[in-house]
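Written out below as structure tokens is the structure these notes cover.
Chain IDs A, B, C, D and E follow the sequence of writing; residue 1 opens each chain.
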Amino acid sequence: SGGAADGAAQPPESSSASALEGSITVFAAASLKGTFTELADEFEAEHPGLTVELTFAGSSDLVTQIAEGAPADVFASADENNMAKLVDEALIGPDAPVEFATNVLQIAVPPANPQGIETLADLARAGVAVVVCAPQVPCGAAAAAVETAAGVDIAPVSEESSVTDVLGKVTSGEADAGLVYLTDVIAAGDAVRGIAFPESAEAVNVYPIAPVTDGQNPEAALAFIDFVTGAEGRAVLEAAGFGAAP
Amino acid sequence: MNLEFSAQVAARGFDVSLSIAQGETVAVLGPNGAGKSTFLTVLAGLLRPDSGRAVLGDRVLFELGAGGRGRWLPPHERGVSMLAQDALLFPHLSALENVAFGPQSRGVSRAEARSRATAWLERVGVSELATRGPAQLSGGQAQRVAVARALASDPELLLLDEPLAALDVSAAPAVRRMLRDVLADRTALIVTHDILDAFTLADRVVVLEAGRVVDLGPTRDVLDRPRTPFAAGLAALNLLTGTVAAPGVVRADSPVAPGEAALLLRARFVDDLTAGDRAAVCIRPSAVTVSVTPTTDAAPTGPGDPERTVLPVTITDLEPRGDLVRVRAGDVAADAPPGRVADLDLAPGVRVWFGVTAADAVAYRL
Amino acid sequence: MNLEFSAQVAARGFDVSLSIAQGETVAVLGPNGAGKSTFLTVLAGLLRPDSGRAVLGDRVLFELGAGGRGRWLPPHERGVSMLAQDALLFPHLSALENVAFGPQSRGVSRAEARSRATAWLERVGVSELATRGPAQLSGGQAQRVAVARALASDPELLLLDEPLAALDVSAAPAVRRMLRDVLADRTALIVTHDILDAFTLADRVVVLEAGRVVDLGPTRDVLDRPRTPFAAGLAALNLLTGTVAAPGVVRADSPVAPGEAALLLRARFVDDLTAGDRAAVCIRPSAVTVSVTPTTDAAPTGPGDPERTVLPVTITDLEPRGDLVRVRAGDVAADAPPGRVADLDLAPGVRVWFGVTAADAVAYRL
Amino acid sequence: MTRPIASGRRRDRAYAGVPGWVMGVAAVGAAFVLLPLVAMVTRVNWAEFVPLVTSESSLDALGLSLRTSLTATALCVLLGVPMAVVLARTEFWGQRILRSLVLLPLVLPPVVGGIALLYTFGRRGLLGQGFEALGVTIAFSTTAVVLAQTFVALPFLVLSLEGALRTVGTRYEAVGATLGARPTTVLRRITLPLVVPALLSGAVLSFARALGEFGATLAFAGSLQGVTRTLPLEIYLQRETDPDAAVALSLVLVVVAVVVVAAAHQAGRSGGARLRGSS
Amino acid sequence: MTRPIASGRRRDRAYAGVPGWVMGVAAVGAAFVLLPLVAMVTRVNWAEFVPLVTSESSLDALGLSLRTSLTATALCVLLGVPMAVVLARTEFWGQRILRSLVLLPLVLPPVVGGIALLYTFGRRGLLGQGFEALGVTIAFSTTAVVLAQTFVALPFLVLSLEGALRTVGTRYEAVGATLGARPTTVLRRITLPLVVPALLSGAVLSFARALGEFGATLAFAGSLQGVTRTLPLEIYLQRETDPDAAVALSLVLVVVAVVVVAAAHQAGRSGGARLRGSS
């Protein structure tokens, strides 16, 4: 297995790997759907006795559900705020969360780029229909941060509740530009064109992952987290556009 | 099952008390809006009176104090079946299923209920329509099925609201005959506008007007010796009321024609009446002769009793009816052959004299 | 507006052709399910016949070929107003608004429509109910409002389906009189089960049976000289059919009682009939005498014509009706005073002889 | 025509005839609907409630929701009444399929409905280009919110009204026609008054659905305070930071809905009182 | 009782009396509902369609959606019929408020409804603790999906049925009672058969709403393949990666809904045929 090089220092891993069985349930942010589906398949292939059940939803939905008793073993959040809520609820150990990926904003424009957008400042031009996330959601907070950093004041035509909705407005040609994550631009393929901008470094979004304290299969949960943070995990995440954990 | 009934419904000005003996059939007569349907709906348990009490056999149907509180038996526990004024056949059931509904509801098996229903449809003469839906029936056909349905539920008290009104003349006698057999030993109330129903089917009649009982008694008494204009009209009799002036003479309450002096009616007294008593005088239209002069030139065809009354009247209407013409003058009417009507040139507005012998004018206590 | 009508509705076995002259009122008679309501609904435009043609004045109401294609005027353009068998008052409008609906629909102002409606309610005698909703009316009251509504729309052709069936005896004469005035100069069809309506209101009658016209003619002809059992029943006349055997003698088609030889009826011929012609013999029940022996011991009270027919029959039914009892024996009936019925001990099943003089038995061409 | 049961004036007069076990099951059903509301109320942080509910963004959202929902309801009535009449009173080829298709906005997940609306009225949509040429932009405007709400709410009005029209039948309409009333008069003076209760409850259903509409609005109209961010969108955003705050705001939505629905029923009751006496 | 219009056997026989302008407006309304569907169809990538639709996760989601929606519809009928009967046939204090409250699941944004259900049946919920003690966990199971769907779909059944019950009135029930039928018999043999068309269309509405239910399911039941991830949730997830794929999957939902609705209408047509002849 690919983890053998790092894992040499941890002898129990290989023995427990063969003992892993049953199932674990992973609650992951919706933006992780593509990567985690792939990772779960690979992880299952490595551990034939184990099945990985995946639940995807907005991070805050997942937090509410876990708080209300949803049977989760692992929680992978798209931001640190939501992870902190579960730590407050004592459903996740204070030191348990591990940062496993980062994401940065890009400007998404329709492939034809009708307004000729090239920089963040272009988004402030009159007559350009820009959509961003609302400040209440992580991508909106990030957008606000880059605006401040660049000294640009964007007047959006809409402040969406999620990145998906921003992307939807751009792919449908409804908006001339939107601020979304790099991973979204990659996932959307030919439907949009991504434009990187330097100020994006001011608002790096961090993805933490952690086992849930009252999970049914803590051993397997830890193994899955190791797998995600390990080399294979990083390869898959990088292919999707995620950056390495800081 | 004898019935004791008394109930008040203020909103309709209804206040009726009545008792009916076991097995008796009572005809309910009265003008439109008199409260006949109200009476039946209260008995059936579909309308809750303001106050009153009804007992059928030893079962209390309702017993309501002034506040409307008290005992109240729901319709399905009363053993009272009602045929409403509109047929109200269940639209989703066939004619047969409509009739079978009652027996089945009272616990009879499906097969048995259907065979009883078939028998009843036969008796009302529409057995060939058994499988039709109500929407595919004519008005009269629907009414017959409704009659069968009410009878098939075999109630202890049967309420019929104008059961024969929509039937044609060719069907009515047969259904009437059937009803007479069925009602013979049954406690029943039947609302009708047809005097023939009252005579054929009922032991007694009750006449309602404006929500009150105005007349009550054995059919023949009420209809042969009517005490109200309504009963007289129903029996097609002329009714005049007044005060006994002398033996054989009644002073009419109102002159028949306005502007005339009070009229003295010569009549045959059948009750013991003395001067000052209130009396009703009843005359068959066929016993009234019409003439254009106040003399007795239109001699009666009956026994030549010289003692007769002559009423000065103005014709208001002529009604041809087969071999006779009914000549109406306000509340009184005479029947005359068409030939005589033509001879005398009778027409509305013409002033004539109605003559009647004392033998044909029956006076009795009011 | 004279009317030419001819239509077929296969599903109901309906096939009727008729023409009506301008201003004529025709009564439609027939047993339940004969197609009377169907006739009216087709004319009103509520039911599309399979084929047929109708022209009112110079307006083609419909003209449908065998395929059902062709011209078809929607109801509101026909100038035909119909009073259906159920009153069908609009439940959301008051009595007055119901009546005002027609005039308003034809473009009359609201105020004018209401004043016309008030006048019509007055004429049918329910003006005090003007503001009531249909649910607060008794059956007969609703029917009167419906009559007023149909009349108020002032149609060129008026269709009335049993307009008087739900009216009480005290109201019926007044409404009938009103209808007679209204129908005097109006083209109208009126379905009725009441012979009095036919006599009072109609110029001609048409008798339907099983969807076909079986009799048609001036009211008096059809009802005094009935040619069908239905018309005879409606007119309360005995009808016997047969073949002329000799002058003054008709051989009856069927023996009145089963198992008897063919009967020879002595009758007064009013048409020119020769031996072998089909003939109808019509006898009023009041002209029939009842005796318990085949002799003439029950001598008629009329002119002592020695030439009489005696029919051996078995009583099927006794119907008391006021001052007479109708003694029925199958299709024939006699009227007898109650005293005589008691004297002779008459009851269903008793074998008796009905006697009738040749003068009272009217024979005419069938 | 005498129907004494329905016309009893005092409430305790009418004979009801509802079996006891039906009442029991109905109580279970009511509890199932009401308990979650109770649970919601118990979770409200009342100290925060007033400031949250009276914040500028909340009031903006509430005002926008009421305006757009009422407009959408009006549009539903305008378009839906004719649709219901046509479905109930005529027969034509393909009618049955059409009736099923009219139901579709119900079954479509609202977000997908919003996407479909984008494909239609969006800048690059089926009709959008035409609108664009006319200088009309629907996207990101309050108009888009109304369209989204109308789209999801229309089936409610059409279906409840069509059912009522079929139940009422055509007998009174036929009488009206023979009295000389043109089809439009019959519709206005007979058909519609007869179904007033159903029309009202259909309108109430539409209004409620429009008021709660979220997904289609989000996908089609966007979410900008005062322009397109209705109360449900506001609630959704609040939820990101504080689910309990979202619940508090939802209570406002519930109260608004109850008030509007009760008012409509009140209106229906007095307007339809005479009618109901006869039903 | 003769109502020839409704009973014309051939379709071109009955006199319709629908004004022309009504047809015109109805066509506009139909276009408004149908155009977005057309727009959706034009965007489907047919090459990808079959593999996408027949993928394991899609089939799982479809199967789960059908099972849960049908169960939820059955529950709606079971609870909703008694509720409608009680609301239509009895009068009691607070009834009007109760009727408005029953509407609430309609107006509540589904996600909030899901949260309210969590507050009720969740681990820390009103009833959840009781269930927990019994060892029953409702949230995040297929049961939770059914409950969420029932919660949002119940008002549809109750409201359409209540309207129909009021319209039909109590006259036939009264006749049945005088013929000796107990309230339960009256309910079974008269009341319910008379409202079969409304019951069917109410059930169809409920089914459609349950089939399209998304927000409450997501919040209350989660999104686990084969257990709680219904077709709308699957569509939602697809949209994260590929909006066009989501649209393709939505088409499947639409087709399923049309088939079920058409089948129900067919059943209603034959079952209610005799009845309709009389309406």
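Here is the rule we go by: contacts are C-beta pairs under 8 Å (C-beta built on N, C-alpha and C of every residue); 3 or more make two chains touch, one makes a residue touch a chain.
These figures come from a predicted structure and were not determined experimentally.
Across the structure, the highest number of inter-chain C-beta contacts is found for D-E. With centres computed as the average of Cα coordinates, no chain lies farther from subunit B than A.
Centre-to-centre separation of subunit A and subunit D, using mean CA positions: 38 Å.
Annotation: 55 Å between the Cα-based centres of subunit C and subunit D. Chain geometry summary: the mean Cα position of subunit B and that of subunit C are 22 Å apart. In subunit C, 37, 45-46, 74-76, 84-86, 137-139 are the positions where the chain touches two or more neighbouring chains simultaneously. Residue positions of subunit A touching 2 or more other chains, listed in rising order: 64, 168, 172. Chain contacts: subunit E has residues 1-3, 5-6, 14-15, 17, 111, 115, 119, 125, 171, 174, 177, 182-183, 186, 239, 243, 278-279 touching two or more partner chains. Across the complex, subunit A is touched by residues 115, 118-119, 122-124, 139-140, 218-219, 221-225, 228-229, 233, 236-241, 243 of subunit D.
Listing the residues of subunit D that touch subunit E in their complex gives 3, 5-6, 11, 14-19, 21-26, 28-30, 32-40, 42-43, 78-80, 82-83, 85-86, 89-91, 96-113, 115-117, 119-120, 125-127, 150-151, 154-155, 158-160, 162-164, 166-171, 173-174, 177, 182-184, 186-187, 197-198, 201, 204-205, 208-209, 211-212, 214-215, 232, 235-236, 239, 243, 246-247, 250, 253-254, 257-258, 261-262, 265-266, 276, 278-279. For subunit C in complex with subunit D, the residues that touch the partner chain are 44-46, 74-76, 78-82, 84, 86-94, 101-102, 105-106, 133-139, 142, 149-150, 153, 155, 159. Across the complex, subunit A meets subunit D through its residues 58, 60, 64, 129, 131, 134, 136-137, 156-161, 165, 168-169, 172-175. Per the touch definition, subunit B reaches subunit C in the complex via residues 30-34, 36-37, 85-86, 137-141, 144, 161-162, 165-173, 176-177, 193, 195-196, 199-200, 223-224, 229-230, 233-236, 284, 317, 319-323, 328.
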